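Lettered A, B, C and D in written order, each chain numbered from 1.
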């Protein structure tokens, strides 16, 4: 029986620890959308939504929804004190202009050079859709990708060169998966943490490009230090 | 004794008749600044100021000035009902983006091709200053220049080619002076009206490029028809 | 006070003169701020062969969906047509609709450029991706950029919260989204609004779309969400 | 609630770390919206060799005039330095100050581009004039344009009406002018404000500068007009 990898919620929990106090943050579709619930209590961050919200709060309670106040995933949300509304073009002044401290997106593939593919599976039916991910990827001061380490067929999603349509090149700073935390550096991929119970060598097996790591790679943190 | 040309106020009065009902209008320095007082009572126009005002009203009465509500000439003004405030970049979205129906600027020289020079006298001391005139000139749906027909030394200000530093090329639609109303057309300058008591031939004498005119050029209108 | 009356008596009257072949921008994102009354009136009016610019392409018959169902649309510029855009997806798969897929922020920026008199600009978005295909690339101060073109339209159909009679607009929460920028980028802007108030009743400091960008206003009916 | 405290106790503290050689944007137009308290604090602080970006260059010792009088400024980007800018004009005539004269709307647009991540854009303004000198010209869809570059700064010194503790800003009438756009175009924005209110006290629909663009806030003293 294979060892248990982290759950999607645990990936989100680990990713939440990357948010510094006072940061302006955009969270994308998928695992990133789970992160807000795990922000440590002593940390205050401000969530941006590319449809024109800064200071977005939790989802609206059932019965209290305002369908004019939705996030980028059409989910009714709330606004925290100090939040503001603005137009979509101003929302993307914030993304593309480099004003967001950290953005966390889902991923289909990440290359060893930090290229990201996350908007379309080759050969998929339909028109596809880019949304805001390209603008967010190029503009983020720090871009974190959260995803499962391997695809459903077991093939690595961290690859030498992305074979899927690209979202942006040379944009990813850190990858957080169900097996590891990996930094993209000019010297290549650096294995910073491994999932509890896994060894660096095991993580390397599920990763196409070569990982650099020290002799003592710590286990992934799942609670605030 | 030379015949009496129009006064600056009369030039403004004539220019005011060019404003159609419902127009959004920017008025520049000099004679244009006198025009608002002459808008016919049955016509409503909305004045734009490039420092971020739409729906600007008359000058503030003495004792009622708010020095945070000034026009582009630093003069305390008022805001009419339905007016709005916005930032300087948005003010120039309106100018450059072609949203203003009519702009009326002062002029130092206008060429027969509609080039305008109005920001600097060659050899003048000091740094000079462009202000908003270049943005306004290129963006106006219709650009009218009001000025004296000749310079203080008697030389024509309507010329074949401007010798002064240009504000914008190919931008002037109509010139209103103390001697004439002249349209800039692809076929050249067309004399539309002459000042009362003057003949087209007299106006031509004070104008460097050739004017086209019919046998019956009407006198300049100074009251609403 | 307004000399050119901008308030139209009915929604149908507000769209009566839209010609076949027009290019129309539609505000709205994620279910909020779509001009659903105007869309439904345009379906009744029947203009065909339309080019549309919109983030989404409808959900079933809702939002833009109705215009696709009626086969009134020939060409689309969108950032995220959407999996729920049933009629669009069917016609796209059948090769009946031309689609230009644009990153969302660049969709905004190309419209803003048009409204601001900027014909083209360099952008970092999409460099090295299929979005860059056919576009001029240039290195500026050491970084790679592609050249994007301004995007305008004949009409903008937008949704606002309140208008005054002069055409000033304010919006409601995240229903603002694409509406203000489209108002600047179309030759002619038609706004459906929840409430029309007297000129002077909106706070001049809080007006989001100044009247200069609005040509026609009409009272929306109950259908806030299609 | 704000974890990174942005409110500074004194005006002098708010500008204490400005280094020699910094590039600083200053809001204000026609006497309204100048950050006169910050300007006077910077005069006391004494940073030298500054590059400044401002529509005007002061009136006598007022507004930016004091910094010119103190010879703290080496380079200027401006649209209309102004005939009343006595100290600037003297030093300009003496060849002691480098000036880049920019059309007012392009000054705005170059700053907006910087804040929006756009490195350069084509513009119709100044085509065929001395402004076009040295700039790439291109015909796009039949019209002539010149290429303009984004304009950023290390700091923006701005003036607002009200701030909340988080850094959201609203302005007062035409004192808004260049202030909001400069807040987006500088790495670090310092705002002097007439009033600081509790977070949540500003209407989220009417906030002009969202908190993300503001790094430091300080209560202005009486000197609204220098």
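As a working rule, a residue touches a chain if its C-beta (ideal position, glycine included) is under 8 Å from a C-beta of that chain, and two chains touch if they have at least 3 such contacts.
It should be emphasised that the depicted structure is a prediction, and the values quoted were computed from it without experimental measurement.
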item: Labels of chains that are neighbours to chain B and to chain D; value: C
item: Pair of chains joined by more contacts [C-beta pairs], A-D or A-C; value: A-C
item: Separation of chain A from chain C, taking each centre as the mean of its C-alpha atoms, in whole Å; value: 30
item: Chain B-chain C separation of Cα centroids, rounded to whole Å; value: 35
item: Intercentroid distance (Cα basis), chain B paired with chain A, Å; value: 56
item: Chain C residues counted as touching two or more neighbouring chains; value: 109, 112, 116-118, 123-124, 171-173, 205
item: Per-residue overlap in chain A, given as positions that touch at least 2 other chains; value: 79, 85-86, 92, 95-96, 138-139
item: Chains that touch, pairwise; value: A-C, A-D, B-C, B-D, C-D
item: Contact footprint of chain D on chain A as seen in their complex; value: 21-22, 24, 43-44, 46, 48, 54-55, 79, 81-86, 92-100, 138-139
item: Residues of chain D defined as touching chain C within the complex; value: 109, 113, 116-124, 140-141, 143, 145, 149, 170-173, 203, 205-206
item: Residues of chain C touching chain A in the complex; value: 29-33, 55, 57, 78-83, 88-89, 92-93, 99, 101-106, 108-109, 111-112, 123-131, 171-181, 208, 224-225
item: Residues of chain D touching chain A in the complex; value: 1-4, 112, 114-118, 164-166, 168, 184, 199-200, 204-205, 207, 210-213
item: Touch list for chain B against partner chain D, complex; value: 49-53, 66-74, 79, 85-89, 91-92, 95-96, 115, 125-135, 138-139, 165-170
